[in-house]
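In the two assemblies presented below, subunit A is common to both, partnered first by subunit B and then by subunit C.
Let's look at the complex of A and B:
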């Protein structure tokens, strides 16, 4: 505020507005494609980019297959079931693994020696591009150690990608936790296990939920790690990637599928963010 | 003074008691993390200095893979990726810095702030392909923009460079990595005391001067962190060059897929090592920038999401 009061009036106005305009413009470029995607997925001719002629055909095609309307423009080969099941199961596994390890690490980390270095090491996947970490893991395990890739390596890669986010969420909750409460519980005769399950767990529960959902979402939408760490396994993002790169005619169906994925992801993220802000 | 010392006492007691926590699980976890993530990265750097014969790797140290990469013209791709990455990072910084300052210091409306925070968080959790695939319909030859321009008579022929071009890749990357730039900047800017800025202004420095000599140095850790989280992941982005470059703009991710696909593992390792080198240089800069703030670790401990 002070910055604005001291400057000349007209310049002041500009300074007040400019950052907002810039930021909103950047956010516009993030959200306009998402918004437009949703509109186009209900439109008759999505490829022209002009919404209109509203219908749900692409969604129906996605479920029942486009072959039911033979002779029409878009007949694609769209096999959703297998990738969907694979993605959901790997995401669930990742989410559970993330909760356990993030809680395990997160509540002890602030009291560790060399905690900065440790945290830095855990955050490496956030800084190094996913495709590089994925390739490094592939070269290490497959070429270096000769272990065959499979669903295990895909799940492992997803875990490596999602864990840093979950750890940060847990760290935020733990840093707000008053350690004296735990101290009191111990003084009043609760055992370590009792203290954890009856005192600590309820307090950090929002963080655990958030970490679980984040782990699920990050794994569900993960692509770069999966490129090298999979062996024939088809997850939903990979399926979308291959379909969208093929320049074939199933693009409208991809729009419909992307819309569903995006809306669900947004809803879950919104709920977590609200959960987070409610608790301080 | 008494209150302070009692607080210190409590802190001491709790931290001593917490030391009794079983620390083996986390040590075990950290070691497996080291083996799963850090070690492979080191092995890749090591591999980039090895030689291949056919598809077998030979224990023969040297710069063979890097020479081979230059021979294949792989260095052009690397330089192009780094150039695009630096341009987009600079644009994002120029947009994000005033925005983050406004968010940290000027904006007081809590619910509005909440909306913007949410808007900046949500993109991390969306599917990358879903987010950018629609650009084709907007920027394509018979897409929305070209339709619009043709209709109002601004152009007589569709504009070709809107999609599958360097412009499109820049646009896509900018939108994708904007939140990664805003968050660290916001965190470091919100830690600056309002009084410091006011003092600078009271003492007669203009806005530009205050920004350059007071705000920017104090926010430097956030700036460097922003560059790390924005630039380095961008270098390896696979989705946007494919979706918005359409194979015309080759980046590092293309090379990686090609080399690994053709089993030229050491070449892939060389390219990955270059990306890691960029990261290491930035981290060393960050290390020095953080020194006056009590070290990298302490500030990292304060980082939130």
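Let's look at the complex of A and C:
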């Protein structure tokens, strides 16, 4: 502080504004490409990277098909419905698996010996690149255990990916829970089960919602694990990835689709934050 | 009924390598206000939690409540409720629902629950607070909700885990009186844990003073206050002046103790005979040092006032005497001018203790 007091007023002002500037820059770098993407999805020549010539054609094509075929979302070989449904169902499955496991683990973890080490163990998938884990899982399950790839293997892979996040969220709410409150319930005559469902669960509910949404979103957008743990299955991210590598005119539709997915994801995240942190 | 309501026989408990309780046995009579007194680590809270069933002891012979063996019963099957220091109110429920919870578990119908909850809200002076949430209450109000919640199920014993610890002094003193009145009104057995000897003296019918997992002394408040059996008890109960000496003679309650070549007439409340030469301690409360003594009165000695500390309600005078530094507490307004004084001690106020 002495340094600050002795330095010139201009330098001090700069020091105060610097974090603000950095924050704005960071937000800019995060959101500008997304904003650009949205602009391009309404543009005539999106592949040039230059927005302009505004129209909704790509969105219309996405839903009705370039041949204006009604009802089925398809342009040429751009078939959306199956990957979309697959992604949603796997995401839902992952979300449920994550909630159940995260609650079971999260409740007991703070009371265990070596909890730091155990927590670290659970968080390891976050630290290893997705491609590496995906490949390792493939080798282990398909080659090592002989398990066939399919929807369930994808759900498992997504679970491994999403679980650490969900666990962290649950741990936050569980650690805020005063154990004495649960003791009070037992003391007043509630059995262990009554205490769990009537007292514990309602208190950690925001965390469960947040964990569920996280699990869903993370699974929905997941790519690297899915590449390895699928047979011929198409999740939406895989479909987009394959399509974006293709050199045909359906590519611009990806912009439209990505915009929609991005906006929906942002909306869901916003809802999580509102619901999950409503109580401050 | 002279049968104790609660008995705990030979309970021992360890946390890892730390001994929290060492073969402790207690009993509580129906309707009594029993206080477990002690500093942190004395085992008082552990004992309370074991009675509640919230802690399973490493070893216990039996615990009986209302003539029923509850040794292996979980907390939800014991007819006692706890008032926690941190209140432990259910944050997602209103005050009404918090209090109602125990009744709901027990299967009371809605109108019964409503009547009882409203009665108990009146008892703790929180009428109209039913719809508030715990987060909207002050500390004192939360404490009363916790109390109401514990009382409404009409348990055989109410357990209190330092309930006033988190309140400020004024509120604490008021609540002490309220709790005492509540106890008289409900006529339920209270087992109360505290580290404050003042609280214990104010409210209890009987006090169990604990130290490092064992019972140091048990008895009526005035017994611990006026007749401590050990210097630990004496110090804990606020006796300032404790000196070591040797028995010169003892007959019944009358004793003569020698300290540094001085003879003091003292009182011995124990049953054993003390042989001359036995090492003992004597305890004298600061309030009982008489600073206006005439020379040659019994138990009168010379001393020099070295320091005076003004404390508003009273003043503490430190006197250097032949047996050490003595603290004298004077409650009247007279300031003390003299330096060299003659002080005396009533022999009934000089208590002999074995250790």
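Please note the rule applied: the second predicted complex is superposed on the first by the 256 of 280 C-alpha atoms of A that agree within 3 Å, B and C clash if a C-alpha of one lies under 4 Å from a C-alpha of the other, contacts with A are read in each partner's own complex, and residues count from 1 in each chain.
We take it that a residue touches a chain if its C-beta (ideal position, glycine included) is under 8 Å from a C-beta of that chain, and two chains touch if they have at least 3 such contacts.
Here the structure is a predicted model, which means the values were calculated and not measured.
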{"item": "Contacts of A:188 with subunit B and subunit C, given as first, second, both or neither", "value": "second"}
{"item": "Contacts of A:203 with subunit B and subunit C, given as first, second, both or neither", "value": "second"}
{"item": "Subunit B versus subunit C as contact partner of A:180, first or second or both or neither", "value": "both"}
{"item": "Which of subunit B and subunit C A:53 touches, first, second, both or neither", "value": "neither"}
{"item": "First (subunit B), second (subunit C), both or neither touched by A:31", "value": "first"}
{"item": "First, second, both or neither for A:262, with subunit B first and subunit C second", "value": "first"}
{"item": "In the superposition, subunit B vs subunit C on subunit A residues touched", "value": "B"}
{"item": "Intersection of the subunit A residues that touch subunit B with those that touch subunit C", "value": "180, 183, 186"}
{"item": "Touch list for subunit B against partner subunit A, complex", "value": "10, 13-15, 17-19, 21, 23, 25-26, 29-30, 33-34, 36-41, 43-44, 47, 57, 92, 95-96, 98-99, 101-103, 105-106, 114, 116-138, 140, 142-145, 147, 171, 174-176, 178-179, 182, 194, 197-198, 201-202, 206-207, 210, 228-229, 232-239, 242-243, 252-253, 256-257, 260, 265, 268-269, 272, 275-276, 279, 295-298, 300-301, 303-305"}
{"item": "List of subunit C residues in touch with subunit A within their complex", "value": "52-54, 74-76, 81-82, 84, 86, 88-92, 101-102, 105-106, 149-150, 153"}
{"item": "Touching residues on subunit A, where the partner in the complex is subunit B", "value": "1-4, 6-7, 11, 15-16, 18-20, 22-23, 25-27, 29-31, 33-34, 36-37, 40, 46-50, 101, 104-105, 108-112, 114-133, 135-141, 143-144, 156, 160, 165, 168-169, 171-172, 179-180, 183, 186, 214, 217-218, 220-221, 223-224, 227-228, 236-237, 240-241, 244-245, 251, 254-255, 257-259, 261-262, 265-266, 268-270, 273, 277"}
{"item": "Complex contacts: residues of subunit A adjacent to subunit C", "value": "178, 180-181, 183-191, 194, 199, 202-203"}
